[in-house]
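As written, the chains take the letters A, B, C, D, E and F, and residue 1 is the first residue of each chain.
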């Protein structure tokens, strides 16, 4: 039995709200149950130095948690004077995942920065971030097309992400904080709409996981990502 | 005529939403028109080193803007590695303003940190922060009383804040971004419910302001703060 | 009775020494009683990036305290690795105050940096800094005119600053450290020679101040600034 | 055909040199072909603050690259003033992997820090680091047993790691720099001697990988880790 | 012929002003010609962590230059966020030199921090700093004796420092900026009142210096230090 | 008697291994007994900003210690966020010493960075670094000549360095850690092949050294440097 009463293969209620704030070219509040992340996509007509002269654009991400998005207040990273290792790991993961869905050549010499800021945390903030960030990126690309800065859509795939894990010996989908903090294994899976893998990050700090457990988790992830992509499509279909 | 069509002495629509997130002892979303700030109050059973042995508690504030809360994306302060001068000025102002409303001796050896994070900016983020922070602080104090950590209410005053300025030669109340960026003078006023001043910060980078203009702005601020306090009381009266 | 024996409306002895060091285009030691601040103005033939292409110049300020300018040694900000919030607040205030006295267009594409370094502190370091910085800026502008880099004087006003406060229930002028540390209210006022306000920063961490107290402090400030401007003019009249 | 002429399932020549430097409790130079990493294990009789009072010990890792371990000189992280995201990701991975092999309770209130410093890089520095770090950790534990600081061996598993990837459409084992920089997919796998997974980190920045490719890579990884563990055992068997 | 018209073995005019500021236990303005350094000694009843439990005290130094103490304005180290290599080198040199004159055991568990802040620079700031710092340290020790915190004087030697160099092929004493910037060799010598060496730091960035040049410079240094010690004694003899 | 059993004028066994790693233009492992330093020389076709337009090149050095190169693990400077004073002092010394051997005009608009990384420390890391760095620099210059980027050899001198000190009252050559940590005086001497001095840095934290002791140490240094230069020439003569 899961702490939340959910079935092993059951996602939390998923909500995707577009146009959540007014300034960003894409602005999405995504909720995986009590986990709430604001994902904004900002278009800038400049590129990082290492791309100069290549004709390519760039998509990158930054991640942050509001100090009291968590049960206990965390120190603000700006007052600590640096981003921690976990923050860097997550924002690098989000950036790589999105770049797997877009043709940077077709984007042209501009960059899109996705900011994922956690308003409230209850487990799965990185998978919610990736799933919401895709929708924000989609809106930013639509903005570029509508304003005739782009003629051709550079997105060539849909991306979503979910966590899976072993909890009390059972493979489960979309862990919340209560499960996450006591799980033996935690794996984040990023996939595209062709059912292929973009990222797999599985960690067993307690007990190592066997090959059969890995396969069970991958199957759960696959079904979870499929449902999340349906939610993304519904959100994007609304005006 | 003001860009927004408001009267010179008219506030923007004010909304105060309590219990906006679930972890913090006080959590308030305050909206001054399109300016939206999340103010959370976190109680911690420890005090900063300079207060050890005094028996007193502490109330402090931190302020941040989400990178795309503004028209143009701002660099994240955590990735710059330090908080800028404006951020420090604002969070020191919020902290001083709140400490003017509370008896730190009566609070006991604990601290309350107010985090004011700007979700969307349209002028007046510091005055909205102070006004929302007071409500979050009030909820955190109520939590301490309900959980019997405090017997006596340490709050001895109500605090709110509003901006006033000279725009196109006319004193106006509660400037939005369009006005703020072209105002000749900008003044932030923090007052208590006895009508006395806690902070006055008036700046004339363009043209210096005369004594009569100062008096007109102070009168507007006084009426604005009174209306904001009414909003605070209504929000706190709701369950 | 004030700790120093001064009348409520009496300034400390004011001394302004020009040409205090030999390298800077303007170099002024200003003393407000035991508070001693060295203000140097440095002309540089370059402008910050945000002004490129505008044809405008820039005036900015930096503020520092020698580690043992105070009763207890303070840690050096360079060894802490960052400037504190108070330092940033003060240097931003000095910069804004001086920019209110100069036509940046007429200054041309160059910048003047005013460094205010506190040699000895006894209250009022920021008001002494502004008052001395104006004289250093004046000397730097004179240097530009004498060396024919400027044809027209870009200064269009005179600027001085003084603190006022409520001490033992009485409004007083130009607080020294003994008063400042026990004052109920502290207000710094920056004015120009037309008697108009450039900055007002009033703070009541202890007790809020009433409208009548505000008016009494403003009157004291006005008279104090007038006397300081007279001192500035005398210093500038000397060769 | 692989650039190095190796078979798809062939490791590079592996060398493990123990007692490489004289001060550390464990000191191992590990070579995966031209990739050379010095792994030292340092025992310290203290624990990080978050473990105080738990009776547990700690194992952690730090990772660095000498500035010219790579084809082009990299800026030293100490002169940049911070560790980059990649460094943090890798050292967190090494630390987690080693902690999966040791009973921290049985280690007692002390910590072992593994420093992995890359002397020469040619792809696979993180997998070489983990594989060498295990041997250094083993030597440090032996030192604790020999010096009677520990009675019981806290190691309960053997850990090694290898990279796999898709290069020119073919799954290959232990990628060198020439392959790594042009691989479509790169996956680092950490396993224990029971054949279970401790970490899986697979990334497809270019093309997403299919389920069958994932299975082929996992099979290669399994065989590679088995061979590496044999090398570890041989090295540890030598005096 | 030297740019200043001085003889090869002639010091600049030396002035030592004690009690220059009022807060510090020792406060000395030292002038070597146009080089002016304020040296303050601050007594603190605490010691750095590495000395806890040893019963010893500590003497250390910090060094800074006001931004416009030099011909061209230097960026403030506090705004750069770190102390440069030159600053660190100099303050370590001052600290070592002073510790060579004092019995740290006899000082007891307290520390004296000497701050050397350059008000105006014209070459030789580090030798002026050491020479002035000794006098400030002496005053701080006198304060400890007068206030009965110390019974026995922990100072066991007198310390002074001077620079020597090869300028236009000639060994010269006490280089000013004009000489220093064009000298072939620059050497700073710190000596005690027994005529023995505490520090010798000789640098030849341009042309290496021969053994006979070294001897000539050492002879000049010796005579210069003797004169400086006479100045120190005269200053300390005054009340 | 010296702890190592060496004669007072006896160097430790010296080994110089060229081509130690494969990427750098010069790569030298130098061993002074148990002290082992890897010196790499990296050629880059760019110069620091302050040399732009001068036609000159640049030679600079960076120094680091692996965390467990020493008896007790040192914190990594990259995780501390800054290089310490000792590191800065040493890398500035290495850079100045090398620049004394090369004609920067003849080097042309390029820079050579020497990284000296201590693999194992047993006293004398800075003198070993300078001595090894010269060989690495020589190899990098040879590379520039062989690849026809330089026609003329810009090196005009040979540079080596050794430490001398007073240990148990006796002047000794090339101190190891056991001697260094208990020496009364420690002096590092950098010389060229004409027998002239490039740098002398002598420090007496404990007891000041007399003129006759200084002369004895200089004589030892001279003989030590001569032997080191012989070792450098032998190493460079090998292919």
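The rule is short, and it goes like this: a contact is a pair of C-beta atoms (placed from the backbone, for glycine too) under 8 Å apart; a residue touches a chain by one contact, two chains touch by 3 or more.
All values reported here derive from a predicted model rather than from experimental measurement.
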Contacts common to subunit C and subunit E (chain labels): none
Recurring contact interface, reference E-F, options C-E, D-F or A-D [over half identical by residue number]: A-D
Whole-Å gap separating subunit B and subunit C, where each centre is the average of the chain's CA atoms: 28
Centre-to-centre distance between subunit B and subunit A (centres being mean Cα positions), rounded to whole Å: 33
Cα-centroid distance, subunit C relative to subunit F, in whole angstrom: 50
Contacts with 2+ other chains: residues of subunit F: 81-82
Contact graph of the chains (line, ring, star, complete, other): ring
Cyclic ordering of chains (reference subunit A, direction subunit D): A, D, F, E, C, B
Of all residues in subunit A, those that touch subunit D in their complex: 82, 84-86, 88-89, 91-92, 96, 99-100, 157, 187, 191-192, 194-211, 214, 218
Contacting residues of subunit B [partner subunit A, same complex]: 21-24, 27, 34, 36, 38, 40, 42, 44, 62, 64, 66-71, 73, 76-83, 87, 113, 115, 117, 119-121
